[in-house]
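Below you will find the structure I want to go over with you.
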Amino acid sequence: MRPSGRQTNQMRKISFERNFSKHAEGSCLVKFGDTHVLCTASLEEKTPPWLRNSGKGWVTAEYGMLPRATGDRMKREAAAGKQGGRTQEIQRLIGRSLRAVVDLGALGEKQITVDCDVIQADGGTRTAAITGGWIALYDCLKWMEARSMTKVEKVLKDHVAAISCGIFAGQPVIDLDYLEDSAAETDANFVLTGKGGIVEVQGTAEGAPFSQDELLQLLALAQNGTQELVALQKQAIA
Amino acid sequence: MRPSGRQTNQMRKISFERNFSKHAEGSCLVKFGDTHVLCTASLEEKTPPWLRNSGKGWVTAEYGMLPRATGDRMKREAAAGKQGGRTQEIQRLIGRSLRAVVDLGALGEKQITVDCDVIQADGGTRTAAITGGWIALYDCLKWMEARSMTKVEKVLKDHVAAISCGIFAGQPVIDLDYLEDSAAETDANFVLTGKGGIVEVQGTAEGAPFSQDELLQLLALAQNGTQELVALQKQAIA
Amino acid sequence: MRPSGRQTNQMRKISFERNFSKHAEGSCLVKFGDTHVLCTASLEEKTPPWLRNSGKGWVTAEYGMLPRATGDRMKREAAAGKQGGRTQEIQRLIGRSLRAVVDLGALGEKQITVDCDVIQADGGTRTAAITGGWIALYDCLKWMEARSMTKVEKVLKDHVAAISCGIFAGQPVIDLDYLEDSAAETDANFVLTGKGGIVEVQGTAEGAPFSQDELLQLLALAQNGTQELVALQKQAIA
Amino acid sequence: MRPSGRQTNQMRKISFERNFSKHAEGSCLVKFGDTHVLCTASLEEKTPPWLRNSGKGWVTAEYGMLPRATGDRMKREAAAGKQGGRTQEIQRLIGRSLRAVVDLGALGEKQITVDCDVIQADGGTRTAAITGGWIALYDCLKWMEARSMTKVEKVLKDHVAAISCGIFAGQPVIDLDYLEDSAAETDANFVLTGKGGIVEVQGTAEGAPFSQDELLQLLALAQNGTQELVALQKQAIA
Amino acid sequence: MRPSGRQTNQMRKISFERNFSKHAEGSCLVKFGDTHVLCTASLEEKTPPWLRNSGKGWVTAEYGMLPRATGDRMKREAAAGKQGGRTQEIQRLIGRSLRAVVDLGALGEKQITVDCDVIQADGGTRTAAITGGWIALYDCLKWMEARSMTKVEKVLKDHVAAISCGIFAGQPVIDLDYLEDSAAETDANFVLTGKGGIVEVQGTAEGAPFSQDELLQLLALAQNGTQELVALQKQAIA
Amino acid sequence: MRPSGRQTNQMRKISFERNFSKHAEGSCLVKFGDTHVLCTASLEEKTPPWLRNSGKGWVTAEYGMLPRATGDRMKREAAAGKQGGRTQEIQRLIGRSLRAVVDLGALGEKQITVDCDVIQADGGTRTAAITGGWIALYDCLKWMEARSMTKVEKVLKDHVAAISCGIFAGQPVIDLDYLEDSAAETDANFVLTGKGGIVEVQGTAEGAPFSQDELLQLLALAQNGTQELVALQKQAIA
């Protein structure tokens, strides 16, 4: 049995609060249970140096945690003077995941930065960030469409959503909270598109190595879970 | 006339949402109109090196802004590799303001860190942070009291609240929003206790120098404003 | 009674040594008793990015302390890898104070950097820096005038001078030295123009909060003190 | 057809040169074709702070690239003042992979740091580093065994080896070199144990998303490849 | 007697392995006994800012040590976040030494960066780096000559080679290894050209000060040693 | 002829102002013509980690330049976030030079830090710093002797002084000022003891390589110059 009392294939309560921020072109407060991530999408009329005069744009992401988003207070990265390895790993993952469904040529020479800031953490912050980040990105493109700068459907080719799965107490389970995550034998994050294509798989054996069968069981959970998340995204932007 | 349509002595709508965070010993989402600051108070069983074995504790503050809390996206300080001068100035002010009403000896060898993170900015973030930070600090002490670690009234000697005042279009006004703040000739932040004592005055001529009379007019506005804020704090913790 | 034996309204011996530096366009070694600050003004043919093509110039300040300017040796900020919060707070204050009496449009697209380096500290380094920095700035403009680059009176609209006041042993006193500063209940720095306008007020309760009356007493001391400093500045540049 | 002319399931020429370093307790120059990584294992009588007095040891890894290991010279990370996100991601992966086959309790309160420095890069540096790092770790434990500090078989529970697979020109292929890697649609790194258990899977769609079938094809390639690598490791330490 | 059993005027076995790197325009693995340094020369179509539009090029050097190049593992400079003083001192020396024999005007507006990375250290890494760096630089210019970008003989005016000498156990000796270096009373590095001109002398008394006579004895050893090194360089590029 | 009109063997006007600083245990403002360096010696009851419990002390040096000590304003190293290579090279040289005449065992487990801050630069700052640093160190030891903490003569074994020499317009000259230094073909710094022993020689060919004869001519100039400096040191402490 899961500490949360959930079924093995049951995600936490998911919600999206659009337009959470007054300033950003797109924004969304996404909640996966007690994990709350504020995603804002900011449009800038510039691109990274390597894309200058290429006609292409860029979508990138940054990730941060408020110092007391967690059970124990963590040192503020701005005070420490650098972003840790975990932070960099996660923000690179979010950026890659969102770019997988974006036509950068159709975007044109602009940059959209999706900031994902964890207000409260209870496991699965990176998957919440990707799933909510997609909404913020969508709303940013809507904002541009309203100003005749682009068409959403030309730039955004599909949905993308992410979920963590893991083997907990010998059972494959979906959407691990912190308690489950700390004790899981295997932890895997899956990023899938609306059409079910796989964008990222990151599986790690925390304890004993896992088998091909277990990987497939986790993937099956993730396929169902991300379809559900995509349905919720559709509902949110309807 | 103020862009916000407010009276010269009228503050924005103020609200405090206690226990905003699941993890922190004390927390409060404070809103001064569209300025939203999340304050969390974290208790740690350690003190700064210079207080070791002194029997005294410490209260300190850190301040941050989410990159898109503002109209234009600001570079993330963690990515920039350091906290800017403005950030350091503000967090030092918050820390001093809160310590002004704390008996550090009564706290004992513990440290409470009040993190003030600006979720959305519209002027007056530092004054909102001090005012809301006091609630987070109060709740952290309540948490300790519930565990027989201390008595709130022994440690917390008074309320503290802060408000910005300024001369806008030739008129002394209270609680400037961003539009007013950008155009103000003089900008002053006042930190006062519940009993009306002054903890901090920081007045700056943005345009022409100001006079003693003007300083007194701003102080009068602040005295009324902070009394109102203290009343709202009392209501919030009731 | 003050440890220094001075009257409550008596400043320390003040002196300005102009042209202290062979290289700088303007320079001044200012002494407020045992507090010695070397101020140099450096002219550069560039402006900060946000002023490019605006026709306006910029005056900025940097502040530093030699490691053994103080009673105990402090870690060198260059070795520590960053400027501390106090340093940044002070250099921002000096810059704002000097800009308050400069017509940046009349300066044209140039930058003057006033470096204030504390050779020896005994309290009041920031007020000495502002007061001496004005002389360095004046001499830099004189240097420019001699080369027909500008007219001093067009750019420099007034004098500016600064003094610390505080409540020491229950008495309002002016120009606190280190011993007094460490023990003061309230510490306030005032920056005033030659005409008596207030540019900055920064008052902090170190112990108990202070009252409006006390603030006014400190301001009165500062008004007299800065007038005296302005008179000394006039004498120095005569 | 692959640019290298290799079969889809054919790895590059693999070699291990043990004892490459005079100083390190264990060391190995591993070559996967033109990718050359020097792995050294350094024993230290200390553990990270969170393991003090736990009776457990730690195995960690650091990763670096010589500036001209690549086709274009890259900025030296030591000169840039920080390790990039890619570096941190890779060294975290190497550390986790090696720890997956180590009994940290049996190691005792010691730390082994495996440094993986890329002398020349041609794709697959992280998989070469893990595979060669295992040899360096083994030799370090042998060194300890020779000094009666431990028994290799108590600490090292299994082999671990890693290989990259990808979909190139529509074909699943193994052990991508730089040319293939740059053009691959999907890129996946697999870390497996000697017994065939999966330690890490990291699959990324560089172009179009990939399917479950494709993931399984890549995994099948990796299972064969890592078995071959483990056989070569056995041969090398025989 | 020297720990190494060498004669006082006997250098260690010296070797140069050209074209060690597949990618660099010029490269050389130089060995002075157990001191192994990989030198790569990278051509870039850019120059430092101060040479823009001067028609002149630049030759610079960077130096690094792998963390376990030494007897005890050293902290990785990239992880520490900065290059130490010793590293900076050495890379400045290497750059100056190579520039001493280069006609920067004949090179034209290009930059050649010579990276010297110590794979294994046993004393004398900086002298090996200079001596091997010359080979890498030569091969880079050869590469350019093959593409009709320049003529080697126009740019490279002479050979340059370096050797350490010292007073060990009261005896002037050449090419100190680590054991000798640690115990030497005086340590001096000499950089000489093919024609015997002195480019750099850096002599340091580690214990008692040394005399003019001793300096001359060390210089005599170095003159012979560098002539031998130049002969080996000629042989290597023949 | 030298731009300064000096004879080839004529140093600039040298002066030492002892007790320049109110706070430091020892201090000296040393002037070599227009080169002014403030040297302070600070005693601390701690040693570097590698000397703990060794019974030995440490003498170290730090070097800095005020931003406008030079003809053009240099970026403040504290603002840049690190000490440059030149700074580190110089402060290591000063430290080694002073330690060459100190008996660290006789000092006991204490550290003396000699800060050398260049107030105004006109060539030869490092040699002025060493020569004046010796005075500051001497006065610090005197301060300790006055408190019965040590005996000066037990700790300080000899004088140490430094001078730059160079080949300017084909002529060996002593004590180069900035104009001469910029145009010199060869630049050499010599550090000698009171007894004439050589502590450091650092000769660099800025243009053409130099010969053994030239090195000896420079050394001869330095031997006379440092003897003169030692005589002036003796006079200063008399």
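The letters A, B, C, D, E and F name the chains in turn, as written, and every chain counts its residues from 1.
Definition applied: a residue touches a chain if its C-beta (ideal position, glycine included) is under 8 Å from a C-beta of that chain, and two chains touch if they have at least 3 such contacts.
On a predicted model such as this, the values are computed, not experimentally measured, just so you know.
J.: Both chain C and chain E are touched by which chains?
T.: F
J.: Going by residue numbers, if over half of the contact pairs line up, that's a repeat, so tell me which of A-B, A-D or E-F repeats C-F.
T.: Selected pair, repeating C-F: A-B.
J.: Answer with same or different: of all residue numbers used at the interface between chain A and chain B, are over half used by both copies?
T.: Homomeric contact, same residues on both sides for the most part.
J.: Measuring centre to centre with CA averages, how many angstrom lie between chain A and chain E?
T.: Chain centres of chain A and chain E, defined by C-alpha means, are spaced 50 Å apart.
J.: Centre to centre, by mean C-alpha position, how many angstrom separate chain C and chain D?
T.: Measuring from centre to centre gives 59 Å for this pair.
J.: Taking each chain's centre as its mean C-alpha position, how far apart are chain B and chain C in Å?
T.: It comes to 28 Å between the two C-alpha centres.
J.: Touching two or more other chains, which residues of chain E qualify?
T.: Each of 81-82 in chain E touches at least two other chains.
J.: What's the ring order, kicking off at chain A and moving to chain D?
T.: If we begin at chain A and move toward chain D, the chains come in the order A, D, E, F, C, B.
J.: In the complex, go through chain D and note every residue touching chain E.
T.: Contact set of chain D toward chain E: 21-24, 27, 34, 38, 40, 42, 44, 62, 64, 66-71, 73, 76-83, 87, 113, 115, 117, 119-122.
J.: What part of chain F is in contact with chain E in the complex they form?
T.: These residues of chain F touch chain E: 82, 84-86, 88-89, 91-92, 96, 100, 188, 192-193, 195, 197-205, 208-212, 215-216, 219, 223.
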